[in-house]
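In what follows, chain A forms one complex with chain B and a second complex with chain C.
So, the complex of A and B:
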């Protein structure tokens, strides 16, 4: 019975995720108790606040960005390629797409499409830089993508200036020219709140389905997974490793380019000084938490977004909201450790089962 | 197995990124007690910019304003802090949380709240809102608190040029935004007025959209240190919490430091005090004080409230008289000329 349950990898993942969650709640409770707060009432406050309509909308909207970000990271992770540069890729993409959308006036549908295509292209091209550096000069993508994040920040700071791509939005705020109505995507109403769901949540869902299909049902996905499991074996069986690196990086960057789109076309309409930052780095953690699978990442990004949103109520109750960062960190570290443990236990159960069967045959 | 190690390493670095983002060191506070002695309790909500309470500068100035009101009115204060990199929806929720829970007035500290306030204010017509550093939201229940930072920066620029013996001074900005460039422009103009040939080193800690420059004392220290090493003997630091690091550098180099927003001589340690020449005072405290009081009296004004040298909303600190010496005569003279309109410090 236990063997049959453990034979499936998704049950292992589920068990690991559950244990990790319990573990992180325990750690958070300890920290809360030490700081003199009551853990059950704290969690209850977070849960109560988290299920208000406003919070649900905010959680889903946030999760869309996190999900795309984690998918972008996961494409690389699947073949042991560490794209830490998702952050720079999405910010540069969102900024240039916003500038293009603000500068050009196009009929609806075409306008949105052009903005999204610009974002995907910019993200992909920016990610191609570390890929080419890796395959031609052997530069580690971890180092180059991290550095390219800083370079992206510099480029954005240079371009986001009045007289270049920015206009003054208020006495102290600057941003790209606001995208006209024809380029926006109206939000979807949600019962009980004025906040709107980003309609481009659909992009995240489609990207998730596309990711699953690409990894599991295409030749490219097979090569990707093969390279991730053993590069030498993959090369020996005819996979062009250099081509794979470039392709995976560019796809990762292209998905990264989508991260800012729900926010840009659904709410901000401009890339200004208060466009959200740091989503690309959060995505790394979420991809790990979701075990690089499209379903796991969906749950992970929802959990992450929920924790972010409900942290507001902690501040309101005079509980430091950095507590949430502790929960997130604990869940992340424990899921990595717990998964290792669970899969070893799983292996042992497998072995024992096989041994038992062999024993029966022998007897 | 090597793959597992690599994953753990990446997980660890992701956690480090998290904890770096989460460090704010905000201490929990106990809210104001309930009423009971007949005085009406005013529930005031405060929504901070990145950095939050404890930056000894911009955000603290807002809180100081409330503390002053507290001596006259009974206040129940709730102050909430922004997270770095958050979206407008988070800000909307924060302002709504305050308005919904009956906090009235609600003060949004920083222009980053503009978009969010534009959406929340019409929904709560009976709540009075104020926003610091922005006037794009024109609603009957919104008061805009604006400051002429270039005027005060002009004065401290003049002070720096007067004090400098090397003819070399510095400016450290937190984040290179239009707002902080106003500080720079005023400072440069004021210094050039005193000494047209003065050398001015200008550096910003971070570039938008990276707002960490307002809360990075370590970088504030390194950059100021670099300026002192290159011959500057006075450095003006407009960088929020990061300024505390610069002050450390000033004290260890035994050179002059000019603070910003709050009077940073007051909050400096005994060892650092002698090196605080002056501070450019942006009286967010006065603005918040007046606003909250006017809500208490029912005399609240909507629209733009501009604070400048003229109405003491901007000033320079004279808490370290031995350092300023007799230059206050020159500074007060310049101040009068700005008030009378003879000098108009540039905004960019």
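So, the complex of A and C:
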């Protein structure tokens, strides 16, 4: 009975996610109680605020970036390749794409397409640097991508200067030249609020479907998963490990290039000092939480965005809204531990089941 | 770190002597090259006592992270969470020193906070068998969230404090070796070849020392002694080489790994204490700024051995000091050294018949030299990140004859080897 329930990997994932969620709510409640706040009323305030139409729109818009970011990370994770550099890749891509979109004026559709293509190319190329360093010089991609994040920050700071790629946008803000109307993507209205959904949420959904197809229905995806499960076995069966590293990294960077697009074409129209940063690092957590699968990541990014948005209300109640950072981190740390435990328990149940069946045959 | 080219050098007698001589020769050679560079370019900050002092100061947090990484990886646990443990260390130092008014309790607080981070990593990786990098990354996401929350709770009502920073903290006394500062200072002002440069080096290293700097320097030989000359160290390293064999000989592998990772966290915590209380006067969010990762690079550069690890930390500390003090001009002068160095590397590789590698080095070296002669200064925004660029270049161009612990990063389960 238990064996049948545990036989499917998705039930294991679900159990792990549920346990982790309960655990992290418990941790959060303990922290809140120790700090002298009332946990139930805190959660209620967040939930009440989070289900208002304004908050729903903000949550969905935020989740789009998180989702793309986590997908980018997950491509690498599937073959034990750690692209920590998604953050630098998407910021550099968004900045250069915004600059290109502001500098060139093209007919609609083509204009948006060009901006997105520039972003994808920049993201992919920037991700190719650590890939090439890894396959030619054996440099760990973990360290090189982290260093490239810092270097990307330097390059952006250098280019985002009046006289180079930036113009003065206000007394305290500079950014790339604003993208004209032909390059923008109008938002989709949502009932009950004046805020608009990013229409480029579609990109995130398409990327998710594409990700699923690539991983599960193509030779590349098969090789990717095989390499992740056992590199030596994959190499022995004819997978070119170096080529896989470069391709996975470039694809990851290309998806990273998309992260800034819903925000850029749907709301900001310029890469300024206010452009959201750090989405790439959040994506790592969300990919881990969603077990590197397109559906799991979708739930994880919605949860993460919901916590971000609904926590805004807490400051009004004099509770530090950073409490959600603790919730998020606790979810993350507990989910990796719980999943490890659940899969080990599952394995043991499998083994016992097989042993029992063999025993029956022998008798 | 995970797939570096591995060549096991055959252990020979006199190996240690030779390594020591080679390290001294390399160090001396670099210093002479820097003197020549100062003469050619006229950038006196290249060997000034200020830069040398700053090098030492900036090398301490990186070195502590690197040493921490070495402890952990010698026991077979990859510790990418050093960044988070340092963050805990900065906050712990601020909390303990501010509320007690005693800087020494701040040191203790930082060590404890870092060690708690290490303990978390150990629980996840050793007890639960979570992938080491996954756990480390999770820890790096956890640390800023926790410290932000705690700061908001504890520092916002204090004068000068807030959600992103602590109030000013009590400071450590600084020590100078008596009778060194003045005479060497006047010697340094003359800009005599070699003498003034040496004066700058000695004065920078012997004056205005904080106790944490001394502690950091002391911990290098202490780590070496503990890991290579005690039974505890031998057992700990055996867990990083072959845990199953160690287990069969009666070594308590889990206990060894736990000790190593907690010590690793404590060392990272000391790095955090330095950043919060010596390098600045209070805790600030984002203060660690990638130094945990740079420390890991220094550890790889140092081939998982304490002397070379300290050398790697010195290298990154120097680039950081140079960009902070000398600014765009001094870093620009470095281009000349890098270009010539790469050309020399190209000649060496050509001599060893490694044509492709030689060509790459030659092209990059020539490019750097052209860059040097065509420009007067480097853009300030990019110079800020010279330690990070150096890290990348060093990992890419340094000889890859590295040998990491054989079972580094591998999952180990007790009794799993039969």
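In this text, the second predicted complex is superposed on the first by the 363 of 363 C-alpha atoms of A that agree within 3 Å, B and C clash if a C-alpha of one lies under 4 Å from a C-alpha of the other, contacts with A are read in each partner's own complex, and residues count from 1 in each chain.
Everything below uses one rule, namely that contacts are C-beta pairs under 8 Å (C-beta built on N, C-alpha and C of every residue); 3 or more make two chains touch, one makes a residue touch a chain.
Everything numeric here is computed off the predicted structure, so don't read it as measured data.
*Asks:* On the A-aligned overlay, A:341 touches which partner chain: chain B = first, chain C = second, or both, or neither?
*Replies:* Second partner only, chain C.
*Asks:* A:151 contacts which: chain B (first), chain C (second), both, neither?
*Replies:* The answer is second: A:151 touches chain C but not chain B.
*Asks:* Please work out whether A:143 is in contact with chain B alone, chain C alone, both, or neither, and reply first, second, both or neither.
*Replies:* It touches chain C, and chain B stays clear.
*Asks:* So, does A:35 touch the first partner chain B, the second partner chain C, both, or neither?
*Replies:* Both partners.
*Asks:* Using the touch definition from the top, say if A:45 reaches chain B (first), chain C (second), both or neither.
*Replies:* A:45 contacts neither chain B nor chain C.
*Asks:* Output check: A:332 vs chain B and chain C. Expected answer is one of first, second, both, neither. What do you get?
*Replies:* both
*Asks:* Regarding the shared-chain residue A:133, is it in contact with chain B (first), chain C (second), both, or neither?
*Replies:* So A:133 only meets chain C here.
*Asks:* Which chain, chain B or chain C, is in touch with more residues of chain A?
*Replies:* With both complexes superposed on chain A, more residues of chain A are touched by B.
*Asks:* Do chain B and chain C land on any of the same chain A residues, and which?
*Replies:* After superposing on chain A, chain A residues 35, 82, 153-154, 157, 281, 284-285, 288, 320, 322, 325-326, 328-329, 332-333, 336-337, 340 contact both chain B and chain C.
*Asks:* So in the complex, the part of chain A that touches chain B is made up of which residues?
*Replies:* Residues in contact with chain B: 35, 37, 54-55, 57-58, 61-62, 80, 82, 91, 153-154, 156-157, 160, 168-174, 194-195, 263, 267-268, 273-279, 281, 284-285, 288, 308-309, 311-313, 315-316, 318-322, 324-326, 328-329, 332-333, 336-337, 340.
*Asks:* Can you name the residues of chain C that touch chain A in the complex?
*Replies:* Contacts found on chain C: 1-5, 80, 120, 124, 128-131, 133-135, 137-139, 141-142, 144-146, 148-149, 152-153, 163, 290, 293-294, 296-297, 300, 379, 381-382, 384-385, 388-389, 391-392, 395-397, 400.
*Asks:* Considering the complex alone, what residue numbers of chain A touch chain C?
*Replies:* 31, 35, 82, 84, 133-134, 137-140, 142-144, 146-148, 150-151, 153-155, 157-158, 161, 281-282, 284-285, 288, 320, 322-323, 325-326, 328-330, 332-333, 336-337, 340-341, 344
*Asks:* So in the complex, which bits of chain B are touching chain A?
*Replies:* Residues of chain B touching chain A: 3-4, 6-8, 10-15, 17-19, 21-24, 26-31, 78, 80-81, 83-94, 96-97, 101, 111-112, 114-115, 119, 123, 133-136, 146, 176-179, 207-211.
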